[in-house]
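Take a look at the structure below.
For reference, chains read A, B, C and D in written order, and residue numbers begin at 1 within each chain.
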Amino acid sequence: MIKVGILGATAYTSLELIKILLRHTGVEIAYLGIRRDEKPAISEIFPALEGRIDLKCKGIEPEDVPGDVKLIFATLPPTIAMRYIPGIVKLGVRVVDLSADYRFKEKDVYEKWYKAEHVDPDGIKTAVYGLPELFNNEIKNAQIIGNPGCYPTGTILGLAPLLKNGLIYSDDIIVDAKSGISGAGREPTDTTHYCERNENIEAYKVGCHRHTPEINHILSRVAGTDISIFFTPHLTPMSRGILNTTYAKIKDGVSHNDIQNVYDEAYQDKTFARVKTKGKLPRVLDVANSNYCDISFNIVDNRVIIVSCIDNLIKGAAGQAVQNMNIMLGLDETMGLL
Amino acid sequence: MIKVGILGATAYTSLELIKILLRHTGVEIAYLGIRRDEKPAISEIFPALEGRIDLKCKGIEPEDVPGDVKLIFATLPPTIAMRYIPGIVKLGVRVVDLSADYRFKEKDVYEKWYKAEHVDPDGIKTAVYGLPELFNNEIKNAQIIGNPGCYPTGTILGLAPLLKNGLIYSDDIIVDAKSGISGAGREPTDTTHYCERNENIEAYKVGCHRHTPEINHILSRVAGTDISIFFTPHLTPMSRGILNTTYAKIKDGVSHNDIQNVYDEAYQDKTFARVKTKGKLPRVLDVANSNYCDISFNIVDNRVIIVSCIDNLIKGAAGQAVQNMNIMLGLDETMGLL
Amino acid sequence: MIKVGILGATAYTSLELIKILLRHTGVEIAYLGIRRDEKPAISEIFPALEGRIDLKCKGIEPEDVPGDVKLIFATLPPTIAMRYIPGIVKLGVRVVDLSADYRFKEKDVYEKWYKAEHVDPDGIKTAVYGLPELFNNEIKNAQIIGNPGCYPTGTILGLAPLLKNGLIYSDDIIVDAKSGISGAGREPTDTTHYCERNENIEAYKVGCHRHTPEINHILSRVAGTDISIFFTPHLTPMSRGILNTTYAKIKDGVSHNDIQNVYDEAYQDKTFARVKTKGKLPRVLDVANSNYCDISFNIVDNRVIIVSCIDNLIKGAAGQAVQNMNIMLGLDETMGLL
Amino acid sequence: MIKVGILGATAYTSLELIKILLRHTGVEIAYLGIRRDEKPAISEIFPALEGRIDLKCKGIEPEDVPGDVKLIFATLPPTIAMRYIPGIVKLGVRVVDLSADYRFKEKDVYEKWYKAEHVDPDGIKTAVYGLPELFNNEIKNAQIIGNPGCYPTGTILGLAPLLKNGLIYSDDIIVDAKSGISGAGREPTDTTHYCERNENIEAYKVGCHRHTPEINHILSRVAGTDISIFFTPHLTPMSRGILNTTYAKIKDGVSHNDIQNVYDEAYQDKTFARVKTKGKLPRVLDVANSNYCDISFNIVDNRVIIVSCIDNLIKGAAGQAVQNMNIMLGLDETMGLL
């Protein structure tokens, strides 16, 4: 069993990571680092884990990491993760980072959107964007994986085949995204109060959410040209799940079959990207608690409407992180995820 | 007290209507007609009304309507309402119809989308579309009001000032709407089962929802040119409320102030249309159980993103119906609705 | 119009109070005091009030209260309210206090459960417990009303007629209560985080919730003997509403009719206490957004199971406070509440 | 891989069963029988299964069952299951029945509560009640398992150690249970409509739910004396989960340690029964999507309050069924369930 650890084990994504890893037959959790002063057993932080894992938390400095740990998932918040990851890397430990700190190649884009100086400019140069359906080969040998954001995962998987194959216009793409509340993190705030979210839906950060540059960054690579989507997220009264409704314009002569074909080509051998049959639409309910991304497309006149859907905590975070780990460790990509 | 009645008193919108009318100081509920064979007291159908109204239901034929009733709200389903309303009208009773049967001037458009022959072609010629913020003058003297659909109400209020004043391009408008489940009616179906809706969000009838022609119909009148929006509704896990996120392109040179001005002009003396101050966004929570429509707009580059928000059962149905009644009866438009 | 005010206008109960008072035709809101440093218009705190009330908040010291205000609702937290209310009383203003600070006659019981010295011992001597269905006569002339807690309201209304008439044993009463999350207040905490409450139900403070002594205190007065119920509250995934399931043992020979009779006697002329007909059970849905308390009872062998149900923010707080105000001001008890 | 099947594959519990079995490394799903006329692939019934299992449904007659199937889970409704199970048994196939049809030894008790003649009186004589924490040894060799009901599972696990050891009085036990809506099944009804359940909680079948005799039946066996609990279920707005709050009276001299000891003795080697440490309470959130039953107890004066909590679809149905299967097949009890 390969030993792995988690840096920042108190996040909602950490709980999901632990549940997946406990079920994984190729790896073993040997380290859980947290920032809090007290270092309780993890089951005191997450009562759901009582009797399932017997591990006391430790600190998050390099010296806290046991020597036999080969890979670490970092679930620290953005701008914090990059302070600790270089020390981990120096230990020779590979890292899957679930913050945004290693998703951008360009230091200045990161710094503009995350409003902090990037303290590991070398790290981001070699880090690999961990979207396995697109970048499997690079992931294999990466030292640091920038695990994709929750909104970008579904959005990119929905758009990539069409942009790569030039079937849609690249300058007029609208993504209207609806997220469950766990996407806002575990911190209690006015925004996460039950009575502010229940029986409510609202847009936020219209056209200025920081997942926008991430989506553009990756789609531009895929398309080979500058892509600038328009992105509006919404807070939806459910604990988990994201549904992205994407509106684009198809080029003249592009047919349903053309689009079907590029999706098939892109995803027919990708377990976790499921393209719906004609007439069916994705539902959060069908991907909840799973690593699947469901994708549909409808053509109406000159538009294509792509709906993509994931569990934000699994395919949008912990599940995808394990998928990346599997690839990095040469294991079956789906291990622990079915 | 003017006597009014409800034809089809078992719908969710009927319960809201009754609650509003009980609080209304100008009218009195004198008749409740239902299609079921048994005719219980209304409080047996809606236990919430116990002790608040003591009225036994009756049938829905013209002879069931008491002679002193001056106005009737019809909450029968589309294609059913038109079979009963002509008989009511013949009694000299005015009608606010909450089905779709009197919203279209064109018989063929109705028949195409509602898949039924319209049996009251004379009625639709004189019926008035009951969106008071736009058509107050026509409503005053109408015999039959076609009360607007829930999706159209918020969508039209958000777009009308911009289209009327030509500030946006009329051929590239996308409406991404999110509705609570009461919009699907009171019938138990696979779609309305709690476990299919809770912790779920999904799109449906992408580009083919029958509120689309209604929106286009009215916006075309307002704009003086053919409007064809693209409309995608979503089922959202909440009992009530609709949030519409509308994407349009502004014409060259149009500024924030220009748009602010046309909204101000349109709605500054309209109690129930509230335009948010810059930087604020509507929330279902703020309009729930009220007759308000909250509207915001954001300009990003050449796009304007309009968010509009209503309670689908109130401003999207029962509240708006009472607002129409108030206007028809020469009462203060806001009576019973504040 | 009689002028009234609210001391502590940022609470969830304050929003409900304002909505009710805006609809009330006998009083006018002339003062809103808040503890925050900034004093915005109330609609900046509650966007739902935009366009409905145009009032800037002020401080909470006696000098902040306009001279023509006759009655003030205090919605400050327990242990804070008692610091400000004596100053208000000195102005000759009557007070309905929604904290727990004036619900107990005995200083020591309060101090034990609220872990603070009571700084207004004179006030609690004359304060009246504001449960109008039981104490209407005392309320009329009270200077200070201790508005009942949310759990006590429904529990006491369910039990009082049976205890007063000696139909049940007083030493073996279990109350299993289920509350919506607004009962936990507006403060964002781990407990009120959406993802901790949604898809979850849990008991808390088993046998030691501080509403227990309040219930016992009042029921003992009603019964004329010491009552000590056993009380377990639960947090239920809904924004508002409380359902109490109460288990008691009936004395030998007590019949369904006997119990029906004492309920009828107690509540037949009480608008807001509705006793369900045999076979029907209360639902939060039927009392939501209303001032009603629905009550049912079932007899099974030697047990009676009483289910009582209120909207915790209305009959359990703001609505009951207005009911008290109506009585104090000699208005119809139901004014603004139907 | 041992081949297993499901009879009645369209239920919510069937979906959970399939998900668990797909992850199970010792068995393989070889048969899915449904009652509907069309026999689609299972992924057309449950889109969540797309790409995870490629199996077409078949009928539910014995001849539909492939010859190599060794064990069948029956998820047909009560009174239907017993019509098909004898035929399956004749094939030599073992059965875990998730209906109530094989939970009672006494034909007349079943017939009274389920209002149908039992057509397999021989079957119920040999059937074993499948609560593995109590009846592991009998389960091993059973031909037919009556898989416990969702309410009974948590209730019995909470009470059994105390009753077996005589620590509580057996004639005064109240169980107040709160269930998520999936417990009401997949049929769309007035009761399962989203708008009737959301923002609502209500009691139903007070003192007359048909899980009551099941609980009494098993607890009487455990206690060696007739047990008759009082049971009130409530519908709670969540998809899944049950929390039981049980009130009992402890015998003189029984201490916290005494109770702790009998729980420890009963469950210390039972993976899926987790007794909380003092001061902690179970939460649906901690057992959701798992086969765990969390149990706490509080002693207040002469009462013990036991809170027990399960996922009704897993430990209350599909998970427990797999646990039974594991025991029957000689596999590790926890296989597929961690």
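The working rule: contacts are C-beta pairs under 8 Å (C-beta built on N, C-alpha and C of every residue); 3 or more make two chains touch, one makes a residue touch a chain.
Quick caveat, the model's predicted, so the values are computed rather than measured.
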Subject >> Chains in simultaneous contact with subunit C and subunit D >> reply: A, B
Original post:
In terms of residue numbering, is the interface formed by subunit A and subunit D classified as same (over half shared) or different (under half shared)?
Top reply: same
**OP:** Decide which interface, A-C or A-B, involves more C-beta pairs in contact, and give its chain pair.
**Re:** A-B
**OP:** Please compute the C-alpha centroid of subunit A, do the same for subunit C, then give the distance between them in whole Å.
**Re:** 46
Original post:
Centre to centre, by mean C-alpha position, how many angstrom separate subunit A and subunit D?
Top reply: 36
Subject >> Computed distance of Cα centres, subunit B from subunit A, in Å >> reply: 40
Subject >> Per-residue multi-chain contacts in subunit A, two or more chains >> reply: 198-199, 237-239, 283, 285, 288
Subject >> subunit B residues within the subunit C interface of the complex >> reply: 22-23, 46-48, 50-52, 199, 271, 274, 276, 280, 283, 285-290, 292, 294, 338
Original post:
Inside the complex, what are the residues of subunit A that reach subunit B?
Top reply: 174, 176, 178, 180, 196, 198-204, 206-208, 230, 232, 234, 236-241, 243, 245, 247, 281-285, 288, 298, 300, 303, 305, 307, 309
Subject >> Residues of subunit D touching subunit B in the complex >> reply: 12, 181-182, 186, 188-190, 192-195, 197-199, 237-239
